[in-house]
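Order as written gives the chain letters A, B, C and D; numbering starts at 1 within each chain.
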Amino acid sequence: MVTPLIDIDTLDVAGMERLIEHIIAGGVSGLFILGTTGEFSSLSYKLRHELIDRVCRQVNGRIPVLVGITDTSLIESVNLANKAADAGASAVVSAPPYYYATGQPELIEYYEHLVPKLPLPLYLYNMPVHTKVMIDPNTVRKISDMPKVIGLKDSSANAVYFRLVQYAMRDKPDFELFMGPEEITAEAVLLGAHGGVNGGANMFPKLYVDMYKAAAARDLVSLKPLQDKILQISSTIYTVGRFGSSYLKGLKCALSLMGICSDYLADPFHHFKEEERTKIRKSLEALEMGIKLK
Amino acid sequence: MVTPLIDIDTLDVAGMERLIEHIIAGGVSGLFILGTTGEFSSLSYKLRHELIDRVCRQVNGRIPVLVGITDTSLIESVNLANKAADAGASAVVSAPPYYYATGQPELIEYYEHLVPKLPLPLYLYNMPVHTKVMIDPNTVRKISDMPKVIGLKDSSANAVYFRLVQYAMRDKPDFELFMGPEEITAEAVLLGAHGGVNGGANMFPKLYVDMYKAAAARDLVSLKPLQDKILQISSTIYTVGRFGSSYLKGLKCALSLMGICSDYLADPFHHFKEEERTKIRKSLEALEMGIKLK
Amino acid sequence: MVTPLIDIDTLDVAGMERLIEHIIAGGVSGLFILGTTGEFSSLSYKLRHELIDRVCRQVNGRIPVLVGITDTSLIESVNLANKAADAGASAVVSAPPYYYATGQPELIEYYEHLVPKLPLPLYLYNMPVHTKVMIDPNTVRKISDMPKVIGLKDSSANAVYFRLVQYAMRDKPDFELFMGPEEITAEAVLLGAHGGVNGGANMFPKLYVDMYKAAAARDLVSLKPLQDKILQISSTIYTVGRFGSSYLKGLKCALSLMGICSDYLADPFHHFKEEERTKIRKSLEALEMGIKLK
Amino acid sequence: MVTPLIDIDTLDVAGMERLIEHIIAGGVSGLFILGTTGEFSSLSYKLRHELIDRVCRQVNGRIPVLVGITDTSLIESVNLANKAADAGASAVVSAPPYYYATGQPELIEYYEHLVPKLPLPLYLYNMPVHTKVMIDPNTVRKISDMPKVIGLKDSSANAVYFRLVQYAMRDKPDFELFMGPEEITAEAVLLGAHGGVNGGANMFPKLYVDMYKAAAARDLVSLKPLQDKILQISSTIYTVGRFGSSYLKGLKCALSLMGICSDYLADPFHHFKEEERTKIRKSLEALEMGIKLK
């Protein structure tokens, strides 16, 4: 879930409530806040705490809430996890610390220290573009033996890696494997992954849920048009702008055009100006999803 | 196809003939020589020419032969393509020049200059680890409009990229899209790719052909055990050794243990010593593929 | 300055006091806390605040204290800067936010938002290995026009970059340029840099001060043996261990052997075990710096 | 030395002769052909052979000619070295093979195989941007023990690396260390390097020779204005254009404007169009080097 903001340190509360209801109405199985798409690293801790509270209250047990606790400081990760537990979240999600690059043995030792301090089950989060390290399949295997480690979200886009993790975990079919990039969630699920954690579901939750269901049912005929729509979104909504931030800027811009929430981005990013906004508007219209734009 | 060698500048001719027959007997649809797995860049031009001649003669039209012409020098690429045409090859395969990193417009201009000079149809080859550049989906789209450009082999392992290329080429269903990494060929084919170009087929061509057939037929039940075997090969044969060369060293070591051809590698790589060879032997036995090892 | 720790969330206060006195006695011109060498990103905010307080109190105005406020959240950077001002620090130091990679225009906008909120003068901190972005010479030039931005510390090790920044700032001779890596501080100062910010000065402050003085005086004869000693330290103390963390682990291990402070490292790093410690001990002895080891 | 071209496979012979005389008149100590600036990798072998012959004939023993033999194929490197020896060159220069990334032990083994086959003394060439590998200081030390290996050119721009190589070679003061980037040749020489191999000397050989002499004489007063001019060249001639190729395009464009040789670049690069050419013209004029432009 994106984090709707009015300014750098103020939640767009009404937008957040609309967004949560929009997403739940789409049929998703859970809500992941304070991930990369949620701009967790750009937010103050005060705001992160407020968000955890408000989201858990708004969701009110209807679906599980997963809270990102990724931090460069293990202590701050634990603080966030405790907050999440107090607020009633179901699980926490942790990518490796991301200032220093770490070696695999250092990663294992890190989780040996972190996991026992956590009050909630943990999903690992592989996000090498931002953390400078892949959690190797063998490292995932070792960390998965720690109690409370129940799954992995992989956002590397490296499908070979995902397959090799899946193979390394073949004797633990309950260890949940989630695919991050929405463009390849279908194929991951077709070959046994447990689901996807897809940013596009902020805009069109039902589309991604339907894609998941078709893939889980091995219904390739139904899957094709859904997959095409998802690739159209990826090719047209996420590619306006010159930097790696295009995805996030496009996504928030679209949510704003759809009347759901503000397009404010926390520093170091900033929302699209009129020129890019017009492009996103046209791309949204071309999707023919039956939505009304502001 | 790997390039069987007796020493750095001498083909293992008998091994090469055995290997070709072994591969064709496995039912493959074509033979790609002088690719990354074929150590093209480490071989002298004299040897590359000899290999093109001998392979085309041995195959003798039974299946198409595709010849890698990737080079940092456009002129040398053309020379190799002319040689391939003379020898009776069906097509050539070209990755971007790989000493200097290139921008996308430079890539397009490069192919504008190269393609008209080629006597054979061309497959693009996306191999960013080695060439330092992704051929962007839009760049693929533009190059595909040049006559004789008929397909793309993607070895990036980035499945998001592959899906976006597929989407960019959606109005040209005949443009052939091949997946390089064997671990993810099945899912690529399931979602519409035309096939795989898999190094493991040097060892077990029938396994990879069967995997392709199951994926193309959307037969997920038959696919599962084949896919598991392929992931076992990837996890155990390609991971002995400390460097990026582990894949190539493991593959040639296995072929040597299977009695097919020499395990000699051209500089800058060198074959496994006894310790690693013993590991590969055990991994091959654990595969239970019914093969006899030397 | 390294951050002496007893455990992940407890300062080694006595060690910190010894270390500060040791460094000041060596004649340094200032003290930089909460930088990369200070493990800022691994520490809780509570601990960072305590450190700022204790260091400023211990230094007590004898030399300027510079406080690292690098953070992925602009708000948390401002919080740290306010704390630094309250405690009596002289300036703050900021590297770009380091979770998302940023483009140059995004960087400029980031500092346009950050700088007006700061109560103290600011040094930029170029640290591309950790932040994934070089602050381009032209970007430095533009940010330097904002009030209160008074200098740059460059830890890229890219001397071409440093020269080009120096050239871009040639009309602002008061803009202070500091070199991070101690191995190349001498040459930077010889050609006009204002000084170095060198981690090795935790161990041997006088050595680095003497090197600076010789370089500033263009006394190449005196410089040579000092430079050789510095390269010996770099080659033998910072290279034990397999990962990027070797520098930090070696430095803290040496400080522990010298009886100055604990060698505890905050997660994700961990101190050297006996085998590496023995190597560091031998390397320290081989330096013949006249120090007594524990 | 750049390689003057009329088209992709034809030398600009008259331009080449003018360029050689221009460079020798500037007082350089040697001529390095077929390096990165010489577009070696983009040229056909036929053209490389012709260039070696023509350059050696034109130089005619007045200064040493060094020939780049970098290649992905060891056999082709030896072929080039033999050609260089036949033509009367003084030494050869070799960067690691650059298609596959290599590990340090693989690098050592590579040079163990290459060096005995060479008819001329060898300079190593560290060029990690293009070869994907740093030749570690310890690896340089080991390779330097092989007979005929007499020096290293470092083009990494990493001054820490250069200092550590220098330290690792401190017991072999005759092992020649050359700095590639012209922006930092002065400081390298000030601290003991043997010289620079600077592309800008194609345009203004005397400037770079004077810079070297001032640095070697530790004459910092004379050095300053020379160094400033060199940084101005780097900041204004090499930065027009969007890609890594800007340096090469700017350099050849300037040589063309100076009436020395053609600005044709071999694929995958292409010369600047009128817009960029006008910028280079203005930058050349602003240098006030007393040259007449075409």
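Heads up, the rule we're going with is that contacts are C-beta pairs under 8 Å (C-beta built on N, C-alpha and C of every residue); 3 or more make two chains touch, one makes a residue touch a chain.
None of the values given here were measured: they were computed from a predicted structure.
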(request) Indicate the whole-number Å distance between the mean C-alpha point of subunit B and the mean C-alpha point of subunit C. (result) 48
(request) Would you kindly tell me how far, in whole Å, the mean C-alpha position of subunit D lies from that of subunit C? (result) 35
(message) For subunit C, give me the residues that contact two or more of the other chains.
(response) none
(message) Testing understanding: with touching defined as stated, what is the shape of the graph linking the protein chains, line, ring, star, complete or other?
(response) ring
(message) Which pairs of chains touch each other in this structure?
(response) A-B, A-C, B-D, C-D
(request) Can you check the complex and tell me which residues of subunit D touch subunit C? (result) 137, 157-161, 163-164, 166-168, 170, 181, 183-184, 186-188, 190-191, 218, 220, 227-228, 231-232, 234-235
(request) Quick one: which bits of subunit A touch subunit C in the complex? Just the residue numbers, please. (result) 8-9, 36, 41-47, 72-76, 79, 96-103, 106-107, 109-110, 113-114, 129-130, 242-245, 266-270
